[in-house]
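What follows is a pair of complexes built around chain A, which joins chain B in one and chain C in the other.
Right, the complex of A and B next:
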């Protein structure tokens, strides 16, 4: 290795970018989180852990935001995984029809989230939106909702959009996982007399575990990082019902000019995401399957 | 225990014919080998017996039961796959027990059967291991174990030894035959390796392009091949072939090619044959380079020696005569020849086969 040390210069440009745009902000966020800086005036005072204390013990909106984020995550992870798995199992064979349907399901993934948001704002519109119009046509008027205006359901309405936009992407991971399971394992199960459910339970699901772990890890991260979609659809409203952590720290910084406080949120946010990721990779390693 | 019967069984895949017609009566307890080149329809035939493919035509019986329309699980068969098909997330015990559990067998009986099978295959010490912790040969045993715990009527095996290295393959070959003799379970075994077929089968079915070419004991297949294909496919090194014509002279049938005349010393009605273009076949061990004892009826041909391959216990001598090639296999002692020289080669006329050039079919010409 030693005689190749000049080669390390080649990583310099990338490393520089990483340091300037990630390491430096991360460290300075850590420093800012200990101040009361408003983001505009040069004046900032060291306040110790006061921001953290305030956030974790005395900020009902932060608590609500955190709760929203958990709800959003659970909903997205559960339904996105479930439906993408169902679609993957339906479309696993490489027939011409299936390739067409896969492309169709994948399509939302390549649309910018802002466009997705605007499409669904129209769908969800309480008076002219296609969803309510559709329900009226089906004589299901009792199901009509103010989808984004009702603070009890708004977060789930957005979560549905998030699932819609990403199911195709996750489905592709599952299809790859399913296709790597040898056909003969299914034939053995068939000869041994396993029912479809037993085959799924004893063959497909355990052998899909590595893909499922990746999917769950990825989807969890996605649900924490969801920002543009919610910003464009509700901006956190009504009355903070759809505010999640990423949005909360944005609002603290750029609406309330509490940069110190926002930085503290960012640090907590980073810790949460990092620990979830770490946990999932632990599980992933424990689940390794080899044929 | 039960035999297997296939009646006019055929399989077409979207117009492509995998198995054209298959008629066979497999006896109870028989070890039957399906052999043939790649793509000849061996696996497809086996999978139809298993119920993994539905025949396009025909009927399959196991014992006295028509199973043509039955699901695999209702046929009382077990299959061993080329890639072993072990469940990577289950240890050996659970791999063996899986099928029994699905059939809701009581736990203590499952345990007993798994133990028994493990003992027969000497894998008792591996029960806790996962497939990835096993060698190829051990995995193979586990795959066999999964077939025998179920105690089925028929074993179906699709090239189960082809993923093993040469030495282990020979060893497992013998073990598998012993196991089958012991259990007396009817077995259909697919391979593309003629040596495996010859050494393992009670009877062999040679297939080509979806058709059965010949059914017989290894002896019959080797000594009485029904056509050129079988003659060429079985045996290593394979049979020698000379192309030529038949004609009658001085009351005898002669085989003639450019520079070659062989008096077949036999009366054969050439008119019945209505063609005289033929292929003469003779196995390498039926060509001698030493002058044979007089009771062996031989024809002497003068050949050039091209190459001598020394395999230790035997030598293969490559000969050339008028542009056609022959290989002679010498069992004992040194070859009485040098490379590049001329030598007389003696063809044992009792071991000569004749085939029609047009169809490859065997011509019966000896009273044997």
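Right, the complex of A and C next:
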């Protein structure tokens, strides 16, 4: 073993990059979270856990923001996973038409979030927007909403945009997963007289578990980090109804100039995302089977 | 090849190289091209991308007058501009000349100590003393407002003429005006949720506030938002909303959507400000526009006719290595003939006296220089969370919350923030 030790030098560049760009900023954020630094002047005072205490016990906006993020995450994870799976199953065969549709569904993924936001701001506009106009034309006026103005639905309106923009991307992961399932298993299921639902339940879904794990974990992270879309569409409004943790962090740092407080938010944010992702991995791994 | 022969070859090569170098060195020097005088490069950072061409033309003139100075523009969106210049100042790499907004953003640069004190500079004389105030702190002039904005609703003159309406003098008159418009199928006020509350709150508050600096006192804890003056203002917002004087779904309407509705003449007033007049005109060249502010009290109690904001403040970086060149450029921008060129090219009214305005919209705005206007109260707030709490209380009321409850919610947020 000893003769291989010089090989460990090969990991040095990667390790160095990791330490400089990940470990060091993470530790420095942790350090800053214990101060009252305003990000402008060099002075900073050590305040211990005061930022954490304020955030977790006395800041109603943080609590609201956290709640918004959970709603957003649940909506995006559920609908994005569901629809991308449906589309993947419909387009799994490599026919020319299917390849065309895959490209079509994937298209929104390559559009910049800010452009997506501007497109949808005009779709949702209550007076000149195409959605309400379309509903009026179909005589479905009772469905007309203030999509981004109603505090109760604004967060879901943005979540729909997030799903629209990323379903194609997630669909590709599912297609890869579906194509790796041996065809013989489907043949056995058919010979045994399994219904399409039974085939999905006992063959497709269990063998898609690795892809589903990736999709759910990725979508969760994506919904916690959905920053630019919300910033451009509502900037967290009306009255913080669409403010999620990443936006809260940004506003604390760059609008309120409370870098210490923003760093504490970043630490909590990291812990929340890590815990949820870990939990998901455990649940999905428990469902994993192999034939 | 023998060892001796190899040695000889090495020696010969070295000798040839040395000879070449010596002979080359003895050659005549080429005559040097006349050197251009070294230029001082200064950086001008601002957020008005739409003014780039106008500034380019001005910079060209400046450089012609000052051949040893070169000016480079660096432009970012207004939010990013602030973040960027603050980071650059901390790294001692800030722009030499820069634009800054009044209020909380100005206060941040003061806190960092990055402004050069320009008190007493001769070019300040072209700006009226009361318009210089937003750029002052502790008796020192740190920045000078360049643009003068009127944060009062823009109205469609043709619609007003059609229904024989005049800008009202009191709240009763304002409500009657809105009612007439509504009865005739015209949306009285187009109000957006993006910038609307932060703009319209100013004229709505100007005559209701117990003092001009009421919002500063709120920030200091000396006045409360639960007091009558603020709750009354929220009730007036509610009245306008409940009576259907705003278009449908205010909270879902963005700035651009509201502007589009106004340009399409689907509403009589646009609750934004004078800065929209040029783009409205561009969208609809037939539009005739004026400015009016709602007077929220009876005519005899009116203190102010409207709101003004001296903004796009220009300043010099204290740590600039080219302070003299930076000041020279700043002085150039404040020359009335140069300022006029900028104003007429961009459609922005300026704080500078003696500027000749040429467009219809600018001439309309210039009439307001004689009126009694109050500096935008929102910009007197220096804590952004307090500002957001106030703006959100208006959105809450429009969203259906009772004014008293919205005021209490806002005050609780202010209390939480200022207790530190």
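Here is the rule we go by: the second predicted complex is superposed on the first by the 255 of 291 C-alpha atoms of A that agree within 3 Å, B and C clash if a C-alpha of one lies under 4 Å from a C-alpha of the other, contacts with A are read in each partner's own complex, and residues count from 1 in each chain.
The criterion applied here is as follows: a contact is a pair of C-beta atoms (placed from the backbone, for glycine too) under 8 Å apart; a residue touches a chain by one contact, two chains touch by 3 or more.
All values reported here derive from a predicted model rather than from experimental measurement.
Engineer: Any idea whether chain B or chain C touches more of chain A?
Structural biologist: Partner with more touched residues of chain A: C.
Engineer: Is A:203 touching anything from chain B or chain C once the two structures are fitted on A? First, second, both or neither.
Structural biologist: After superposing on A, A:203 lies in contact with chain B but is clear of chain C.
Engineer: Who does A:31 touch here: chain B (first), chain C (second), both, or neither?
Structural biologist: Neither partner.
Engineer: When the two structures are overlaid on chain A, which partner does A:182 contact: first (chain B), second (chain C), both, or neither?
Structural biologist: First partner only, chain B.
Engineer: After superposition on the shared chain, which partner residues are touched by A:67: those of chain B (first), chain C (second), both, or neither?
Structural biologist: In the superposition, A:67 contacts neither chain B nor chain C.
Engineer: Could you pull out which residues of chain A sit against chain B in one structure and against chain C in the other?
Structural biologist: On chain A, no residue contacts both chain B in one structure and chain C in the other.
Engineer: Looking at the complex, which residues from chain B come into contact with chain A?
Structural biologist: 50-52, 71-74, 77-79, 81, 83, 85, 87-89, 98-99, 102-103, 131-132, 146, 150
Engineer: Can you list the chain A residues touching chain C in their complex?
Structural biologist: Residues in contact with chain C: 38-41, 58-61, 121-122, 124-129, 145-151, 235, 237-240, 254-257.
Engineer: Help me check something: in the complex, which residues belonging to chain C touch chain A?
Structural biologist: Within the complex, chain C contacts chain A at residues 79, 82-83, 86, 90, 108, 111-113, 193-194, 247-254, 256-257, 260-261, 266, 383-385, 388, 392, 395-396, 399, 413, 416.
Engineer: Considering only the defined contacts, which chain A positions touch chain B in the complex?
Structural biologist: That would be residues 182, 184-185, 187-188, 190-194, 198, 202-203, 206-207, 209, 289-291 of chain A.
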